[in-house]
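Provided herewith is a single structure, encoded as structure tokens, for subsequent inquiry.
Naming follows writing order (A, B, C, D and E), and every chain is counted from residue 1.
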Amino acid sequence: MIFFLLLLPPLIASLLALLVRPNREFVGWVSALLSLISFGAAITIAAQTIAGDVPIWGLAINSLGLEGVLRADSLSALVLVCITGVAALTLFLSSGVGRVTHYDAKQLRRYQIFINLFIAAMLLAVSANNVGVMWIAIEATTIFSAFLIPLTLRKTSIEASWKYLLLSSVGIGLAFAGTVLAYFDFVSRSGRVENALNWTTLMATAPSLHPEVVRLAFVFLLIGFGTKAGIAPMHTWKPDAYGESPAPLGALMSSALFAVAIYAIARWKAVTDAVLGSGYSNNLLLALGMLSLIIAAFSVVRARNYKRMLAYSSVEHTGLICLGLALGPLGAFAALLHLVNHTVAKSLMFFLVGNIERAYRSPLIERVHGLLKVLPQTGGLFAVSLLALIGLPPFGLFVSEFALFRAGFALNQPVLMGITLVLMSIVFVSFIVHLNKMLYGTPTEGVIAGKADRLWNVAPLYISIGILVVLGLTLPTPLAILLKQSVEIIAK
Amino acid sequence: MVITGYVLEIAQVILALLLAPGLAGFVRWLKARLQNRRGAPPWQPYFELRKLFGKEVVMSNNASWLFRIAPYIIFASTITVTLLVPMIVAPLALDGMGDLLMVVYLLLLGTFFLALAGLDPGTAFGGMGASREMTVAAIAEPTIALAIFGLALSAGSTNLGRIVTQELANTAVTLSPGHILAFVALFIVTLAETGRLPVDNPATHLELTMIHEAMILEYSGRYLALIEWASWLKLTIFFTLLSNLFVPWGIATTFDPAALAVAVIALIVKLAVLGGIIAVVETRVAKLRLFRVPELLGASFVLALLAVTSSFVLK
Amino acid sequence: MPALFKKILQTGIVTEPLGPDEAEIIQLVAQVDRKVQQLLGRALAIREVDAGSCNGCELEITGLTGPVYDSERFGIHFVASPRHADMLLVTGPVTRNMEVPLRKTYEATPDPKLVVAVGDCAKTCGVFKGSYAVIGSIDKVIPVDVFVPGCPPEPADILRGILAALDRMPTKRT
Amino acid sequence: MNDALFSQLTTLGSSVILLYGFTLLWRKSLHAYTVAFQWQSVMLTGLFLIIGYFGHDVELYLVAGFLFILKVLILPRYLGKLEQRFPGERESRPYVNVATSLVVAGLLVLLAYAITRPLVLVSDLPTRGGLPLAVGLIFVGLFVIITRKKALTQIVGFLVMENGIALLAVLGTYGIPLIIELGVFLDVLMGFLVMQVFVYHIHDTFESIDVDQLNELRH
Amino acid sequence: MTIVLFLVMIAAYGFGAFVALLGGRGPIGRWLVAAGAVIGAGAGCAFGAVVIISGQPFTLSIPELLPIAGGLALRLDPLGAFFLVVIGVGAIPAAIYGAGYTKAYENGRASLRLLGVMFNLFLLAMSLVTLADNVLTFLLMWEGMSLTSYFLVITESSEDGTLRAGNWYAAMTHAGLALLLAAFVLLMNGGAGAFADLRSSAGTLSPEARNLIFVLALLGFGSKAGIVPLHVWLPRAHPAAPSHVSALMSGVMIKLGVYGLLRVALDLLGGGPSWWGALVLGLGVASALLGVLYALMEHDLKRLLAYHSVENIGIIFIGLGAGLIFHSSHLMTLAALGFIGGLYHTINHASFKGLLFLGAGSVLHATGTRNMEEMGGLIKRMPWTALFFLVGSAAISALPPLNGFASEWLVFQSLLGGLNLPAPEIALTIPLAVGMLALTSGLAAACFVKAFGISFLAIPRSHEAENAHESPLSMRVGMMILALACVALGLAPFAVVPVLGGVLAGLGGLPDTRPVFTLDLSVHAPAGFAQISPTWIALGLLILLVLVPLVMRFMRVNRKLRVGDTWGCGRIGQTPRMEYTATSFAEPLRRVFAELYRPTKELSIDFHPESKYFVKSIKYSSRITPLFDRVLYDPLLRLVQRISRQVRRIQAGSLHLYLMYVAVILILLLIAARWF
């Protein structure tokens, strides 16, 4: 039942947007309000899991494999809260909701349809018990988001979309191959069972699966979902897609979609570890995590485009989370906490960047000067959230990075952690340098602040900042429990 | 007894003040003789002081109050040093007031203000002198510190009174290689610090080669008298240090009048001998180019380092 | 080094003793000594100013400081700054360019002070007389206590002049 | 006897399917690609039927039906439309020339054999012999996407890769659960449609469907 | 009692920050902001003093905050309390001074709001660093301190070079944090990180781990303290920051690096092998010497002061290094002497460097330039500033009887104790340290003759200096407080040394040295080794300064004084162009140390077209690139840039290439999965 409250609102919103033509402002408002219902549902699910319940729902139709198809344990709940939270923020700050917009009605309609579908797909991916359904939903996110990137058809946005689409499709195809291999393993061990692809079943059978096959399967899965998550070297779509997508989509993709992909990897890692022990998957994750960090760090140094810079920052955080996942329970805790923090910070960032780009009409750092003077609200928030993003206190990312390093050093990985620290310092410095270029100086000619910078219009973002500060200074008990339970699920 | 100690302190200061011009004059006289001249008599500096105290002061209109207080600070700090240096009796009543480091830094205080006073009127020569003086003073500093270290190493203290008494108690130290090396090092530093050849020519008239003189070109009358007196006093102090720290024989360890008399005579003899050495050296050597001075001081540093090391190894 | 000192010892003192023919000077020294000691002690610091001389006088003045005349034995020495000086020893006619410097030097010298003008030029401008570059005699620019005639005067003459100037000191005291 | 036949049939079918994949490497006209894909899908459908028959799995017939409709009827039709829209487009200068491509593809299949060794050992299904070929087909599809320049070729490559995965699934497990299969078909269809739309966009904007023109976004 | 003071401190800083947030403009606003800081710092000072005197640590724990690593734990022990006092000593004058100094920002040149908020938060964060009692609290406050000070550095963001300075500062400070994070996390060894636990478990760590932790901590804290070669941010950031902020950063903040090092190396790790001390000593010597050598070459007054901070941190580190060496040999009294020397120099440097920066700020305020070559003659135009600057200059040059001497004497004495060391290989390095320390102080004196002489004396070298004016009362009061502190700390080592002994008692097994360093008006080195009494010396100097003129008057010395033209060899006019400049002043030393400086010279002569014997103009310029910029940072930056250029090629824009990455990594991982 709770799953309906979770999944239906975006679908309804999407339907509404489909039916109402031409687009009207109220559609945006309705979908924004509906998103709150989803958010409430996610919170409820979280509360239930904290209490020890695991909501589960399914259709007991024979041979359809829909038995217990939806299930939300703590890990799902955590990611669901993240997704619905960002979704609500996005929908409230979307174009056409009480704000000036530069899209026409047709584009807005398309936007409303697909953004809600996109959200629904993500929610489904996370609340699916069946890894096949999860895969389908994640594949669907690619498709829906691909429709959204080129809201306005420009050369570059088409290019970005095509690259994104093809890379993601190939990646996700490989993930499917991995899923098939895992299923193959299951079948060759326990025969054909309809709900074999259910996560719960897989986990229960896992200790008896064939290690050699699981090894291969995990490679496909890691590459596949890693492409979605933007782990290097499959990250190449990120700068393009983030750079070209409208701010709300960028926000959703960089935070929520990213969380979904990490969620999928974590799930499969748990299965793999149950078969092989954690060493194997850890090594792969450490290797790819380090690679991500290295590439991200050195790409940021000479970044010229602030949106692409954010994409590289995403790659960096992907790397960190991969490292965390590979560093035992402490590390998994850090990784999940970091995931939460990153979700809040990165989504925030994209809205600010959207404002900046609209005002300056250029995504190039060298064209943005005097940000603090031109857009005092946005500029200030941008500075603060960028500092939060690079891990300064009193923001949440500082704490989660600290936890990560604690895990790393406790696991006797000083060299790895040392390199990580160096790379993070490089990112830090580069960001500060770029930030300074943008914040200060004589304002660029012909820049108009517009209404986007009004206090009211950026007010929701202050909530995000507030959340980051709260997460930086303390860890609310429910979240702590949720994280602890999630860690138990993915890293024993 | 305590009062005698303080009386002796004051007596020592007066003695130093009285001896200082004579020492400078003696060196000059001896140098003149070595140049085959008749020269001014050794007591000529007393006349000069008297004359300078009788003259008016002409002060640059660019100079500030610093220019006027500097001579007093220089003079006072140098006299304060004489309170610490055992000349005729060791340990002094005020021995605990300061040690060798205090001596060095009090002298640096004087140099500091002299250099500032040199800059104050804004002439090129004053600045030049200040610059060179501070350069030489700075580079001489490590040697002094190491010489102190060497002495402290053998005497177990940096307080001068204790160094002297320790050495008197243990004469073998005096002729140890470390001691001799330290003496040579400190002697070179003395040349630099007191503005003697080959570092500086006290008798030069040529502004471009000056160090000490260049700073005081603007001074006249009583201020000049104070500064000159202080610099002679500084020479006396360095000589006393060289003689009493390294060759402490003759110094009184009690307040016995006979011993004190012997000590005064011993002091005068030792100062005269050192003055003679300086005169000979100044006759023999030419002034070094300014940029060769660091090499000389570097050599003295190495000597001092060897002194410390050999003392340490032999300890 | 021994060679040097051997030579020093062999040479002995070359400063000419004050022989009987210099009795006048001895007397002069003895006379002035008492009077001026209160002011200048037995110490006289001289700043030499070349106001435009042909350097003949300078040569003689240099001779004064050499081993033979050795003015230092009288407590006379040359200094680098007029601030240190009690006496200005001025040579030559005053040239146009040296007028101000000469006056400044005079001003820079603390009281009590003396001026001795050395050489004929100082008084009469000598062969430079009438030159467009020459202002005139020294006393046109600063007050002169004693003129020492001669072209150039001998060191002994200069010494005599210096001592003569010292004699005038008490009158200048105010 | 039955099993042996089954085994031979599936291996043969898989081989043919893989060979159709190779077609993409030596042909240059877009039309040939469509046709190759169509025939490959036909063979795949046939294989589904065979496995359904020998494996006694009725569900597979259903899947085979969907497969036929989607990959033999719908997709080639759309592909045909696309290639008619851009008649001049040929895969004339791929990044890797034909000869090398074939060699690389051969090596990839060899690699697939080496890598899938554990799979073959683990499985006791008669169809296991085709597993390396399925993985090989995935690799070949990937190779096509990487080395071919036309957007359309890349789509076909992607579809071939999909076929490879489907082949892997059917050979290894006699088909994944129906509902998942259906979801996958839906995704493939929608994905294809999106891609197709983009091909039009690319053509409209860049006046060609050469993907290597898409190189403005870098660093 | 202590809790009240603690709360007053927090509340006052909070109030200051809040007022600033509301605007903090106008005289009232600026004074309220300053009042918050003054009261906060005063309360902090009192708080620290109470803890030091009573010897009773203050503890407070808030487990709800930072639950991830043991909650927010605060504890003020005497060591922390001492540094809290140092903060107060620096902050009170700086805040008072700032109230007047920031008037210049009213015209919108910089944001008074940001400045006020950050100023108060900066002080708060610094204060809390001394209170932190577990790892995460410490790192949080530490980074808070860095972040707020970063914003303070870039206050004048519109000025040239400020942002670049900010970048350098951010980079170095973050690198430091990274090192500290590593050190602390290693020290935590997977635990929650309470300092008490670390203290007890540090002994169980392997020697390698302890060594690694120590080196990381040394470098991490060293980057904040500004030791060579991590000092590069100081000469960049200090000139950029507003002067009262520079005073705080240089006087106080960098000292927290010293605090951290003591806390980790001595308290938490409980000391280590003698090479730890030797390393600290070596870095100290290098910092002291290079700091002062580069200071000599500066003619930017604030950069010069910044380099002197490097020098003085070096001296402090020499003291700490000596302390650590003795500590490892269980010569506890001598060890205490070294640490006391270091700590004493810490508070001394806080007072005189604070004073000098405030003085430099006054000059900047009056003339609008930091370039000494454009100053001169300020002693007549701003006599108070000049007097205070002179006091600071004399103090930093270690001239008795001011405070710099007292602490340098202690450091010297601790080094001289090196002859007691059982390990000859380390004992023999000590004379070298003695020599270098002496050279440093000599060069420092030279440098401050230059700094004071060129800036304040002689004839103004520019129109601005000509028209300089004395600073307002608030700024003078700020400087006066510090000048008095310099004098008081110099005269009263007999009072300070026992207090420091008490502060150190018990850390890493150090004994209570209060009975050793006795309490008359002199200071004793251990075992009657040496004894000085700056108090008596000062008295003697004072008496003589009165006595000499009196005697002269009594002897009827000629007292006439005439003011005339400067003697310039009779030149017509005396112009500033004839003066010695800062560059020329330092030229001899530049030549002496040419091997180090490696100046690059550029000489361009414009000849007359007719003949090269007629020169139209000669342009000469010479530049010095600091050693570590040359050998370390420039190559490092170039390397990063080069790697970055290579890495950026990954994102070459070709989809095929991207797909290729996926395929290659897939195949590689499959091969790895299959066979490795």
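Worth a mention:
Throughout what follows, a residue touches a chain if its C-beta (ideal position, glycine included) is under 8 Å from a C-beta of that chain, and two chains touch if they have at least 3 such contacts.
Owing to the predicted nature of the structure, the values given are computational and were not obtained by experimental measurement.
Shared contacts of subunit D and subunit E, meaning chains that touch the two of them, come down to A. Any chain touching subunit C that also touches subunit D appears here: E. Counting hops only between chains that touch, subunit A reaches subunit C in a minimum of 2. Between the interfaces A-E and C-E, more contacting C-beta pairs are found at A-E.
Comparing chain C-alpha centroids with the centroid of the full set of protein C-alpha atoms picks out E as the closest. Most remote from subunit C, judged by the distance between CA-atom centroids, is D. Of all the chains, the one whose CA centre sits at the greatest distance from that of subunit B is D. Centre-to-centre spacing of subunit B and subunit C amounts to 33 Å, using the average Cα coordinate of each chain. Taking each chain's centre as the mean of its C-alpha atoms, subunit B lies 99 Å from subunit D.
One inter-chain figure worth recording: subunit B and subunit E are separated by 35 Å, centre to centre, where each centre is the mean of the chain's CA atoms. Of all residues in subunit D, those that touch two or more other chains are 115, 118, 142, 145, 211, 214-217, 219.
Taken residue by residue, subunit A touches two or more other chains at 162-163, 166, 170, 174, 212, 215-216, 239, 299, 302, whereas all remaining positions touch fewer. The set of subunit E residues that touch two or more partner chains comprises 560, 562, 564-565, 567-568, 648, 651, 655, 659, 662, 666, 670, 674.
Every pair of chains meeting the touch criterion is listed here: A-D, A-E, B-C, B-E, C-E, D-E. If you check the complex, the residues on subunit C that touch subunit E are 81-83, 98, 100-102, 104-105, 107-108, 110-111. Those residues of subunit A whose C-beta lies close enough to touch subunit E in the complex are 162-163, 166-167, 170-171, 174, 212, 215-216, 218-220, 222-223, 227, 233-234, 236-237, 239, 280, 284, 288, 294-295, 298-299, 301-302, 330, 337, 387, 392-394, 398-399, 402-403, 405-406, 408-410, 414, 417-418, 421-422, 424-426, 428-429, 432-433, 436-437, 439-441, 473-475, 480.
Interface residues of subunit E facing subunit A in the complex, by the touch rule stated above, are 64-69, 136, 139-140, 143-144, 147, 154, 157-158, 163, 166-167, 170-171, 174-175, 178-179, 181-182, 185-186, 188-190, 193, 212, 640-641, 643-648, 650-651, 655, 657-659, 661-662, 664-666, 669-670, 672-674. Against subunit D, the residues of subunit A that register as touching in their complex are 63-66, 130, 132-133, 135-136, 139-140, 142-143, 146-147, 150, 153, 155-156, 158-163, 165-166, 169-170, 173-174, 176-177, 180-181, 183-185, 187-188, 192, 194, 196-197, 210, 212-213, 215-216, 239-240, 243-244, 299, 302-304, 308. Looking at the complex, you find that subunit D touches subunit E at residues 95, 111, 114-115, 117-118, 139, 142-143, 145-147, 149, 211-212, 214-219.
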